């Protein structure tokens, strides 16, 4: 069960409101790199978690923290919209802000939300829940979480680089820090599960006889005019300790020509196809 | 530039067509764990890749391989739809197939595609390209790729477990094998880049002064009725070699109460809010 | 069956074309507060209406009026795009219009529709029909309609406040007026159905024994650091006349800890979860 | 800031797992009538709330409660999937469950989530955040909330009617009860704001001179072959106390014929249009 | 301006209600081949039509007819849902109908709409307005309309083939007939515009000097293991009368290798990319 | 099976990078008129093609060419983003570019992709695969392809008209040329199939007795205040050679009034509806 306290997790301050930056911050709320995504991803992973209860608890606990990040970002958006022009006249009177509203700002911050955050990204596209990656396989899920926190920290860094507002920089430095931890938190779970080698290939419960292992350790080069690039991926023992990496130049296809023959009567095709 | 040969990468055989399994296979085409996703993800990552050209080449080369996987799966779906009933009468005549069409099958395989694959998942939901994760940060992208190949192999294993068709099992064992390799291929790139410690936190180009590092290494327990779960995430040196992990019991919020005050006249709010 | 006459329901005039305002007006066409939404919502409610035929007729009749509103707005968008620049050169020649195209305007008005309306909102996001709220329960539907007309009138007022074009202001004053009526039209249906008390809780056909009525009349305060806010919601007789309102401070959760145990073999999880 | 306790708000019990009912319950999680929607709607409304802080607090507090409802429903879905068949063979061995998987069940519960809840509706369509209705106008938002809780209780009642599982019926009777209260909670806010008459038309801050009030109080009958249906909507004083209701038979359109003339050279049209 | 009469355009009769067929009919309402799509496509094309007013009038007139088709289909869906089971018990009592509800039927017809049509396709996916193809180029739009009416008639024929309900067959034979006409209606517009040769290439207003005409008339064979297939597309005068068709075997790519070089500092990439 | 060579199909040069034009070019990648759409449409049509194998081969071959067009456009976007400002300060220093970022540019080119192409349109809306039109009926599919190539060439022409960059104009002239050919390529298939008359109505395999042919050849005028527009569509032999065109003034509806009667108990409606 969830609870709430009335104060934000961390102070959010905006020194100079900027409707364009409000638009940009939306990416951290409703973007695929954003906080709704991780909050919901960890929440659904927690609800489906089987096995070690500590991991389920951590997923739920961090989901809860991410909800608090949405809350802070929502406030940051609203503060950046303070005083934004409500009419064309107002907008053209103040030159810099005009550009804001007419340019890189989100008109729906004015038209739809009344100067408040929306559950959309920096293009105004609503977040959709298909981005909640939760497979029920703990190692697959941890990788998805590391990926999410990586793109999240990339985004927070780009926002930090963009703004010159001191309040916003302070707030973003907190988000950057938490993303630093969360990346490693999920990697640490993999260590607890025995480390990478024990967990690869994911799922590690697939019996070897379900796998055509002669195809499991070569890099397939489909580039016709270049040799296969050489690197760790093409030589040395495989990372799961079961094979040896190699590279194959573009082979002959092994399969058949996929011809479907004629269409059946009554299937809605043209007569010429039958 | 892309080219094509007329034969499939690997033979695709269906011993006993099954419209339900056609529906299930769609998840491997148009699902978030599917092949359209990885093909397009590697393609867009390749187009935005900066730095080591070998990685860009590998991304494009593997994108090309994944396109060939879509092609095989599309054929597998069509073969599973061979002989599917085109009328209620036909369906009710053959008991097992009737259940297929009336039950777990996709009516749009009949109504929309004329017994062929659709770019949708196992619920009939079309794939959308927001699932192409490509940040321009090579380490973030590699993690996203490992995550994608992990959920892809989980899916292929579940499909393998479900079906009892020998042709399909052979085909899926090939996909399982390629996913085995692709997981490790992208992990090997991280090794080439110097290994995990050199790459964390992602992005590793964010200057330390952009980060409130006092918040970078603790697990935050937001569970009110439980101690923080202990594990690698709460003790020992951090995985980026810059700090020491710890855990914090649910702290007092540090931020302000986020009150926005009154609404401005002309903002479309109720008078009572002004 | 539908019919059409060639003239608009109300005159639409634009004194000074403005591509930015064309973008903003799109919210009233393809936004969730817009006219496609109400037209389709009333249409589908009418097709599913059971009971009093007068209400079904009104739903269809007002759906038809809303189609005419889309038509007027579509024309208003096109008129605002008259003379919009078709090339960068043209755009940079006329300073004010340049800002329009390069700034808050929709590039797809140029690229996709050839200077005409699109079925999208002010961010260019296409309307999707999941926003057609039609439950088959007449009271639930009426509330959804009041909500739709409320956000519609909020939007029209914000557009009115923004523009300084006299033609547009006149047109918007008409839409504002119709929204005024439509809000009350659907509330009047609730009066005809016997008023609020007879209709609550919705659906009023749910037998009391299907409801854990000991949980039906208290406000649950989940805020840990504040008393429950007091107001009409926490005291006095309930609005359905069946109970007495109260407030409860954050209680102990009553349910179990939701542990799922181990994963099953063959379910695609990691071995460590089994 | 959010917090969590490890136990559910209310006990969730499933006496006889049923994968079909798992599919149906998804509507209460990821459907437009579901709990993700209300949780996020109240959360975003709270973040944009201006004026009376008690209402903001209530919005956040009830958002928090709705998050706990998602949690319970997620557990209910997982419990209904206990023992669901993982292979065609298993499925065809147990007749009743076979129908479940092959028929009305969601194949992605097997393929994608490993027998756990997904953030999708009963058709497998992911929830998207455009359904978060939050205008910044408190009366419009309260109406949207009443509408949401109405369709929510309609859904919970239909689920109750469908299932014959005693555990599920008990759980649903709790959700029905909370929806009963939440409908009235938001209506009570309107009472606190002075009641309906003071709040209509929404927004009540729109100056009368922005409205073509001669069009504000008549029902427009667009049905050509029927008289306007008579009722409270066509007679008596208007609900905002500013006018008198009437009905108008289908009038002559008042507007112009919307002709756009010829296409401009360079606009991508056919020559024949220029 | 739109109007409505209370009777359907054509009689709709269902002899034996069938919830599965209700699900299938949804494709003709909310599918990409369906009636919402053509209604909205012609409506938006009409609002953006420039040039010959007869064509604009026809677009609006046929849009209006298609709205009436939605209305009939909505009724057909509701009639097919008459008597559908409202509980598991009811469902399992009647064997054939049970299969219906538990199998190929849409649970949201029960849960969400109360046994009425939804604006979704046969998979329950809501229609989205991005499928309104309206370019402002009359020839491009006519082709889009022929394509839409073609897939529409394919769908109606497949539905006809499926059902054995005489009422439904009669109704579908009417839709098939109207699609027959509408295909030719839009082709006839192209004849009025001077026929195909005068209209190709579309847009025919693009100056020849904007086109690298040396690339305008050859079929490019990218298949590596097959000769270019020969046919009308590879020989004879081009259909626009400006060139001669030929075929080219897979050529050397003419462009550069698309290398982007190093990432810029501050762009959020990894240090190794800089 | 697919292959790749490292060079682009055609040279891509940008003389003066322009982030706004990068945004506009996105329409040609991820728009409904764009290259992802045709690549995937031809790919899925090829996988479902039945009948003449030459057509299947052409579909796959041209799908492959379109993939190469995505690749070129992706590079064009990245080149237009070279040197785009990464901070507000940088942006405001260079006046013209500032307008770019703050105005018509896509903030996600900075925030999400690190100055590279995204699989989205010019509004930032991701492409979704429902736009892959593939019916299994070859004539319907060819029409869909002509429509797609027509809107594609309209778009390319509008982009050509907009830009004044010589490199971009050269590149676009190549795309315009290929669209010229592809329009005629698919029309030539229809000629190979015997020409239009033999293929109409589509599908031509629908038996005449499935069609209410008395409704197959008249234009239905639903406009109440205008005569039916006269033209080729209202007179002369039908294009399928089976009938004679005519026009009908708005007729009386032929169908019944669609009344559904009362709601069933237990269906979740209000008591007043029962």
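Labels A, B, C, D, E and F are assigned to the chains in the order they are written; within every chain, residues are numbered from 1.
Everything that follows uses one rule, which is that a contact is a pair of C-beta atoms (placed from the backbone, for glycine too) under 8 Å apart; a residue touches a chain by one contact, two chains touch by 3 or more.
Since we're looking at a predicted model, the values are computed, not measured.
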{"item": "Fewest hops from subunit A to subunit F - one hop per pair of touching chains", "value": "1"}
{"item": "Smallest count of steps, each to a touching chain, taking subunit A to subunit E", "value": "1"}
{"item": "Chain located farthest away, centre of subunit A as origin (C-alpha)", "value": "E"}
{"item": "Interface composition of copies subunit B and subunit E: same or different, split at half", "value": "different"}
{"item": "Farthest chain relative to subunit C (centres taken as mean CA coordinates)", "value": "B"}
{"item": "Winner on C-beta contact pairs when C-E is weighed against C-D", "value": "C-D"}
{"item": "For subunit D paired with subunit E, centre-to-centre distance based on mean C-alpha positions, whole Å", "value": "29"}
{"item": "Between subunit C and subunit B, distance of the C-alpha-averaged centres to the nearest whole Å", "value": "32"}
{"item": "Subunit E: positions in contact with at least two other chains", "value": "1-9, 32-33, 47-48, 50, 57, 60-61, 64-65, 68, 71, 74-75, 78, 86-87, 99, 102-104, 112, 114-116, 120, 123-126, 128, 130, 135-137, 139, 154-155, 157-158, 161, 202-203, 205-206, 222-224, 226, 253, 255, 258, 260, 263, 266-269"}
{"item": "Subunit D to subunit B touching residues, read off their complex", "value": "1-7, 47-53, 56, 86-89, 99, 101-108, 110-112, 114, 120, 123-126, 135-139, 193-194, 199, 202-206"}
{"item": "Subunit F contact footprint on subunit E (complex, rising order)", "value": "3, 5-12, 32-33, 54-55, 57-58, 60-62, 64-65, 68, 71-72, 74-75, 78, 86-87, 114-116, 125, 128, 130-131, 133, 135-137, 139-140, 143-144, 146-147, 150-151, 153-154, 157, 160, 169-170, 172-174, 176-181, 183-185, 187-189, 191-192, 196, 200-203, 205-206, 210-224, 226, 228-233, 238-240, 245, 252-258, 260, 263-264, 266-269"}
{"item": "Parts of subunit D lying in touch with subunit E, wherever the complex brings them together", "value": "20-21, 23-24, 27, 31-33, 99-100, 102-104, 121-125, 154-155, 158-159, 161-164, 222-226, 250, 253, 255, 258-263, 265-274"}
{"item": "Contact set on subunit C toward subunit E in their complex", "value": "1-9, 30, 36, 40, 43-44, 47-48, 50, 57, 60-61, 64-65, 67-68, 70-71, 74-75, 78, 112-120, 126-130, 132, 134-137"}
{"item": "Residue numbers on subunit A that touch subunit E, as the complex places them", "value": "154-155, 157-158, 161, 266-268"}
